[in-house]
């Protein structure tokens, strides 16, 4: 089970901030989201959007093993 | 009548901080003080000691007309 | 110590607590960032953090500041959620033996917090809400420290 | 506003009052100078001012800072008399639209206050009392601003 979190403009665009999905890799997670909402999936892959798995920034298409948290982070604005 | 003020180490050396004397110029005031306490007069003329008449820094031997305040200011240490 | 809070806080009270009992400190610099009304153009600011991730990132950065400027201590309070005009957004205090280190560390922390810390900022104004990106000046200020 | 006081004061309380109602300020920098115990080498500090002259000199300098850094406001509180370890000697706060100006003005005011303001400072320690002159570092810090 993957806990998916969206922040900033990504959450506004999706209309949700958190949900739970089943996926074994980040790529599969992106594909599931694209099936439902292609515009959102495009935004999640957009420039400056970083992905954190269990609060650590990742690149590429890591495997998601066991329960984990995947966060999509738009460009940070500072405080 | 001249109100004479000493600050910092000058007051410690003199043993007083404030007194009243009659003088018509700064030079005459220095001479009066030198009669009583030559070491103090030397310190008052020492390097870095500034003189303020009515709270404005002066140089040389200005006349002291009417009631006024003469302050001897050793090098300022900052706060 | 680092605190993220969704409640208004009083920077002066934080400074009082931070200064207490510092017989060997000498220098405490602080910075308070207040939400500007912008003559009514900014009705409110909304700040989003990623709990856990944002705190950890601030902590890691603050520890580099502590080492770089030989700080004795630091204190950071950052608001999240909706912030009204005139309310404190951020408070940073640094304690050091001498003022140069305290000032530079506070400045350094603020440049990073304002430009690179993991927050997402939305400005609510009369014409609606918009997400804000760091300004060029924020980037320039923060990059001053990279060159050294 | 400038205050010289022979009573202990709380910098946090001064900061609270200074930040109140600032819906268009954005940035408040502050500096608090605390008396160091120096591991018992400094039992107390004694600061002498020339009432009227010292305030006027600080005010004149603060107004140059206000113009130079486009400050909205400033607040300076300076202790005089006998000051124990850990007590606040000086508090300076500056308010500006943006943080660079607030920080630089606060730094500028402190450099001058620590090195050139009309105070006379005596340190009471275990070996007696001695009058203190500005340090080389104070002079260097203050002269940074002369070259610009």
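Letters are used for the chains, namely A, B, C and D, taken in the order the chains are written, and counting of residues starts over at 1 for each.
Following the convention adopted for this analysis, contacts are C-beta pairs under 8 Å (C-beta built on N, C-alpha and C of every residue); 3 or more make two chains touch, one makes a residue touch a chain.
Just so we're clear, the structure is a prediction, and the values are computed from it rather than from any experiment.
> Chains touching chain A and chain D alike, please list them.
Chains touching both chain A and chain D: C.
> Figure out the least number of contact steps between chain B and chain C, where 1 means they touch directly.
2
> Which chain is most remote from chain D in terms of Cα centres?
A
> What's the distance between the Cα centroids of chain A and chain B, rounded to whole Å?
Using C-alpha averages as centres, the distance is 77 Å.
> Using mean CA coordinates as chain centres, what's the gap between chain C and chain D in Å?
Each chain reduced to its C-alpha mean, chain C and chain D end up 23 Å apart.
> Using mean CA coordinates as chain centres, what's the chain B-chain D distance in Å?
Inter-chain centre distance comes to 27 Å.
> Provide the list of chain A residues touching at least two other chains, using ranges where the numbers run on.
In chain A, nothing touches at least two other chains.
> Got the chain C residues that touch at least 2 other chains?
33, 114
> Would you mind giving me the full set of chain pairs in touch?
Chain pairs that touch: A-C, B-D, C-D.
> Give every residue of chain D touching chain B within the complex, in rising order.
Where chain D meets chain B, its residues are 33, 47-48, 50, 52-53, 56, 78, 89-90, 112-122, 131-134, 138.
> Under the definition above, what is the set of chain B residues touching chain D in their complex?
The touching residues are 5, 7-9, 12, 52, 55, 71, 73-79.
> Within the complex, which stretch of chain C touches chain D?
For this pair, the touching residues of chain C are 10-17, 19, 21-39, 85-86, 88, 97-100, 102-103, 106-107, 110, 114, 137, 141.
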